[in-house]
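Shared between the two complexes below is chain A, which pairs with chain B and chain C, respectively.
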Partner chain A sequence: MSTNGYAVNRTAPTVRRLGRRGWRINLLYLPALALLLTFIAYPFVRGVMYSLTDWNGFSPSYHWVGLGQYQRMLSDARVRTVLLNTLVYAVASTLLQNAIGLGYALLLDKGIRGSAVVRTIVYLPIIISNLIMGYIWYFIVRNNGGALNDVLIAFGRDPVNLLADRHLAVLVIVAANTFQYVGVAMVLYLSGLQSIPRSCLEAAEIDGASPRQRFWRVTLPLLMPSVTVSMTVNVIGGLNIFAVIIALTGGGPGYATSSLGTIMYQLYFGEQNAGYAAGLGVLMFLLAALLGLTTLGALRRREVDL
Partner chain B sequence: MSGSRRIVVRISLAAVAIAHLVPFYLLLSLATRSPGSTGTIWVPQFAVHWANVTEAWTAARLGPSLVNTLVITVVAVVVSAVLGLCAAYPLARRVTRVNSTIMSAIIAGMMVPNLTILVPLYGFMVQIHGVNHRWAVILLHITFNLPLIVFLYTGALRGVPRELDEAAAIDGAGLFRTLFQVIAPVLKPTTAAVVVIVGVAIWNDFNFSVFFLQAPDVRTVTVSMQAFFSQYNVYVERAAAGSIVSSLPMVVLFLALQKYFVKGLASGAVKG
Partner chain C sequence: MLRTRRAAVMLVGLSLALSACGSTDDAGSSDSTTNSSTDPVTITVFSIASEEAAVQRYKDVIADFETVNPTVRVEATFPGEQYEALLKTKMAANDLPDVFQTHGWTRDRYQPYLLGLSDAPWAKDIAPAMVANVTSDDGTVLALPISQRKAGINVNVKILSQYGIDVPTTWDEFLTAARTIRDKSGGSITPVHIGGADSWTIGAFYNWLAIPALISPTDNQASALLDGSFDWSKWDFVSKQLALLQSEQLINDDVLTAKYSDSAQLIAQSKVAFAFYGGGVISEVKRLNPDVDLQMMPIPSVEPGDAPTWSGGEGDTLAIWKDTKHAEAARAFVDFFAEPKNVKAIIGDAPDEPGLITATVDVGDVLTTDDPDIRVMPAFDRQYFPNGMWDVMCINGQELLSGSLTAAQVSAATKSEYERLRLAS
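Moving on to the complex of A and B:
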C-alpha cells in the first residue's frame, strides 16, 4: 500500500494515473489555506505587533513601547473588571447551559407525547440573532414598562432597575445568553442519551441500582463525550460574547458589564487606543486557548468507553 | 415509568415550554400595541397596531438591509462550502505528515474567537479598502467558517469508501468531476448541515458586520437594527416590530426545515 493510502496495484494503467494524481490533489486545499493565512494568521501576527506599540488606529506614525501595554493592563482597574466579567460570562453561562440543557434532555428522553414541540420551542432562539435576543430581554427587564417590573408592582413590591445595577446586570446578561443557547446543550445531550444502549441501564436496574445511581454511575459517564463537546464549545462562545451586551447595557453602567470584546471596541473606536485594544485581543486569545484546552483536557479524561 | 412520575414529567415539560415562550409572547404583545401605551405588555392590545411594522421597515431601512444580508449569506455559504469540500478531500484522502499538520492547524482555527483579532483585521481592511464593502465581510465569513466546514467534510469523507473514487477514475472522470459529481452527492447530509450552521451564523452575524458595514447602504439587518435602536430607543414598539421582521425569514425557514436545522446545528454545535 502506498503512503497516500490508495490500496492499489500500481502497475494497472488507469490506477497508476490515480496514483500520479496523488500529490497534485493537495492543490485543492490551497485556496482555503490562503484565506486562513491571510485573514486569520496574518492579522493575528499583526495584532501581536500592534500590541507592542502605542498606535492610535489611524495615524501613520507610532512608537514601540515593548510590553508597556501589557504592563498597563496589570494596573488598569477597568481591565480587571472586564476580565472578571468575561470569565463570569463564559463560565457561568457554560455551567448553566449544560446543567439546564441536561435536565431538559432527560425530560425529553422519556418519550412523552409533545416532546418534539417542546424541543422546537427551546431550540428557536438559537436561530435568532443574539443582538435581537438581547433586545427581547431589554423589553422585559427595562426599568419603565418592563414586563418583569410590572409583575413586581402587581405583587406590591418595588420595581428594580436591573440594568442599572452593576452586579444584577451581569446576571441578566448571563441569563439572556443561557436562555438563547441552552438548546444547543439540550440537543447534544438528547442525542447522547439516545445512543446509550438500553441494555446497560437494564443491567444496572437488575443489579439493584436506584434511579439516582443509574444516572450517576451509568448515564452520566456514558454521556461524557457529549459533555466535552458541549462545554468546550460553550466556553469559547462565552468568551466571545458581544452583541447581547451591546443590546442590553452597552457595557454600562460605566464599564461594569463590559466584556473583553466590548471594551476592545470602545478602546479602538472610542479612545483611539489601537495598541492597547490589540493587546487585549491577544489576552483574549490566550484566555480562549487556556480555557478551551483546560476544559477539553479535564473532560476528555473522564470519558469512558463502552 | 409509573403513572404519577409520567404526570410529573409532563407538567415539567409544559412548564419548560411556557417559560421559553413567554419572552416571545411579550415581544409580540409589545410589537402590536400603539406607541406610548401605558398598560403592561402582559395584557396584549386587542387591535393590532400595524403601523409599527411599516414604520420600523422604513426607518430602520429593513428592506435594503434584508437584501444585503441575503446576498452576503448566500454567496458566503456557497463559496465556503465549495472551498471547504475541496480542502477536505485531499486532507481526508492523502494522509501524509504534512497534510495531518495542515489539518491540525485548520482545526485550531475553530478555537479562535473572532473578536480576538478584530483590531488588526480592521487595520488590514482599511489598507485593502475593504471597509464598507460587502465583499470584505463575505471573505471574512468564508474564512472564519472554513475550519468547521473542513472538519465536518473530512469526518464525513472518512466514511466514504475509496473504491468510489477509484471507480470514478477508472471510468475516466477527472479530479473535479470525481469530487463534485461522484463524491459530493454522497455527502449531501453533511452539506445540509454545513448550509444550516454557516447560513444561520452569517445571517445573524453582528461581530463582523458592525465593524465593517457601517455605511447605511451596505448594512446588514443586525447593524440596521442596532443603529435604529440606539437612535430611537424610546420607540420600543417599533423596535420590537423590527426585531420580529428581521428574525422572521430565519424562523420560517427553521419551522419548515426543522429536521435539518436540529441535526445540522447539533453536528457543528457552533455558538453560545
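Moving on to the complex of A and C:
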C-alpha cells in the first residue's frame, strides 16, 4: 500500500540520522510490548498449555493428556456444528455489513439532505452494548409478546417463532450482529470515498464512462484499502461473536446456535472442562488467523495506488 | 548524560514511593485485622441471590450489620447468573471474596478454600438435616446454613379446582391432570410451562423427576449412582417423560425459546397450571400479581407404593475464605447472619426451613400440604452426580426437546460426562 511505503521511506532515514542514539526510540515500544506480552502472549501460551491438560477450570491440580483434547474434537459432533455456525456468523455478517455499509456510504457520499442524521442513526447501534443489543432483538422476535408478532397479529397474520428453528435462529443472530456493526463499515467506506480525488471520477465521466462503469472501474478499485480494513475487521469480529448469542438464544437449543466463543464459555464454566475449552480456543485462534490473513492477502492484491 | 542520570534518579525515586505505598497498605490491612474495634475494615461478600426481593433481603440485613458494626464496611456483590462462573475464576486465581455462598457445594467444590467455623457460637445449633451438608469428613463446620431448601412443583390451585382436579400425588395423576387441563381449557391454559431457553429450567425438571424415578422408591439406584455402576438405560425414563410432555403438547410449544421470565409472567397471569421452579418463582410471581393462587406441591411418586417427596438440601449458606485478611470481621458478619431474626429475614416468604434450630419461620399457605411425613430428599445432582453435571443435564435436555438427541442418546451423552467428571473428581 502506498501509505506504508511512504511511512517506511520517511522513518528509515530519520532513524539513521539519529545514529547510536536511535535505539532509544525503540524504548518507546516497551509499554506496548509489555501490554502485548501480558494480555495476549502470556494468556495465549497458558491457553495452549491448558489445552494439553484435563484442567477443570478452578482446581489447583490437573493431569497432562497430551493431544487428547484435539483428538476428541475430531469426533465431537458439537464442534462441527459450532464451527459451521461460527463460519456463518463470520462470513455472512461480513458480507452483509460490507454490502449494506457500502450502500449507505455511496448514498451519503452524494451529500443528500439529512445525511448527517442518517449517518448518526446508522452508527448509533454501535454505542449500545452487545448484550443489550441481543436483548433488544430478543424482545423483537420472541414468540410470546415479541414486537414482530404483535405487528403480525395486528395485521391478522399468524405469529412466527423465529428462534424455534435453529437455522432461522442463526440468521436472526447474523441480522442482529449486522444491524449493530453496519455503521462501522459505513464510516470506513465513507472516509474511503471522500479520499478519492474527484478528478479521477470526472476524467472517467469525460471519457464517457457510465455511472456503473465509474463505480466498478474507478471507485471500487480506489476503495479497496477501505474494503481490506473493513472486511478483515468484520471477519475477526464475526468469529468473536458472543454476547448477542447469549442474549438471544443462550447458544441453544443445545449447541445449535453456539459459536466457538459461547461453547468455550459453556465448557469452561458450565461443564468444568477447561482443558477442552482451551483447545477450542487454540482452534479459534487458528481459524481467525487463517480467515483474517486470507482476507487480508486476497484483498491487498486488489488494492491500487493513486 | 546528566539527563540520563536525572531520569534514573527519578525512576528510583518513583519506585521507592510506589513500594512505600504498598508497605503502608499492607500495614494498614494487618492492623485492621488485629484491631478491628478502631480501624475501619472492608470485607467483600458475594451472594448468589438474584431475584430482586431476595437481593433486597440481603441488603437489608447487611445494612443492619453495618449499623451494629460501624467499623466494618461490607462490599456486597450479587453477580446473578454469573455467580458460579465468577467464583470458579476466583478459585483458579485463589482470590476469593472474604465471605461467599456455597449454594450446595460446600463439601464437593469449595471445601479446600473454606475457613473452619466449628468454634462459631451457632455451630452447635445446625439443624440435623444440614449437618452433613456443611461439615467436612473430619467434623469441621465449613459454612453457616441459613436455610434448608424445600422445593416442589409450582401449582396454580385455582386452575386445578376450576377443572375439578385434586393435587396429583403420582406421576400418572400428574399427566392425567395436565391432559385434562389441555383438553378442557381449549388452549387458554398451558398445563406445564418451561422457559427452556434458560437451560437451567430443563435441568430442574431432570433434577426433580430423577428423585422419584431413581432414588425415593425402596428399590432404588442411589448406591449404583454413587459407586459408578448405574445402568444408564434407566436414565431414559426421565428423558422420555420430558419428550412425552412435549409430544402430547402438555408443555408450551415455545419451550426452547421461552425464558424463565416468560414463565413467571404467564404464571402471574394465571395462564399456567404447573411449573418446575420451586419456591424462587413464588415471590417473583406475587410481585407481578399478588392475587394469583400459586402454591408448591411435593414431587409426585413414580413407582407404585412410593410416596411424594420434596427436593431439598442446602439453601442459603455463608462461608469464609480461609485466606481472608479480615477473618475477625468476616466471622462477625457470618455470626450476625446466624441470629434468628436475620435467618428469618433472609428466608423471607420462601417456603424454606431454617438451617439453624434456633430460628423458626412460618411458610404460611405456600405449600399444598404441611404433612411432616413427606420426605425431603437431597437435590439429585448434588448428591448423586459429580461436580459439573448440572449443565450437562441442562444442555442434553435442550437437545432432546429440539430433536437432536433421543432419550437413549441423552443417556449415553450424560454417562460419558458423568464418567469424565467422576474421574476428574
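Couple of notes before you dig in:
One rule holds in what follows: the second predicted complex is superposed on the first by the 270 of 306 C-alpha atoms of A that agree within 3 Å, B and C clash if a C-alpha of one lies under 4 Å from a C-alpha of the other, contacts with A are read in each partner's own complex, and residues count from 1 in each chain.
By our rule, a contact is a pair of C-beta atoms (placed from the backbone, for glycine too) under 8 Å apart; a residue touches a chain by one contact, two chains touch by 3 or more.
Quick caveat, the model's predicted, so the values are computed rather than measured.
By the touch criterion defined above, A:Gln180 reaches chain B but does not reach chain C. In the superposed model, A:Asn161 lies in contact with chain C only, and not with chain B.
In the overlay built on the shared chain, the residue A:Thr294 is in contact with neither chain B nor chain C. Taking chain A as the reference chain, the count of touched residues is higher for B when chain B and chain C are set side by side. In the superposition on chain A, contact of A:Ser195 is made with neither chain B nor chain C. Of the two partner chains, chain C is the only one that A:Gly252 touches; chain B does not reach it.
Of the two partner chains placed by the overlay, only chain B lies in contact with A:Tyr104; chain C stays clear of it. When both complexes are overlaid on chain A, the residue A:Gly57 reaches chain B and chain C alike. By the document's definition of touching, of the two partners only chain C reaches A:Gln272; chain B does not. Residues 57-58, 142, 145, 265 of chain A are contacted both by chain B in one complex and by chain C in the other.
Across the complex, chain B is touched by residues 3-8, 14-15, 17-18, 21-29, 31-33, 35-36, 38-40, 42-44, 46-47, 49-50, 57-58, 93, 97, 104, 107-108, 110, 112, 114-115, 117-132, 135-137, 139-140, 142, 145, 147, 150-151, 154, 177, 179-181, 184-185, 187-188, 191, 229-230, 233-234, 236-240, 242-243, 246-247, 260-261, 264-265, 268, 274, 277-278, 281-282, 284-285, 288-289, 292 of chain A. On the chain A side of its complex with chain C, the touching residues are 54, 56-60, 142-145, 161, 163-164, 166, 249-250, 252-256, 265-266, 269-273. For chain C in complex with chain A, the touching residues are 84-85, 88-89, 91-92, 94, 196-199, 253-254, 256-259, 262, 265-266, 387-388, 390-392, 394-396, 398-399, 401-402, 404-405, 417, 420-421, 424.
Across the complex, chain B meets chain A through its residues 1, 6, 9-10, 12-13, 16-17, 20-21, 23-24, 26-27, 30, 38, 40-42, 83-84, 86-87, 89-91, 93-96, 99, 102, 105-106, 109, 111-124, 126, 139-140, 142-144, 146-147, 150, 162, 165-166, 169-170, 175, 179, 200, 203-207, 210-211, 221-222, 225-226, 229, 236, 239-240, 243, 246-247, 250-251, 254-255, 258, 261-262, 265-266, 269-272.
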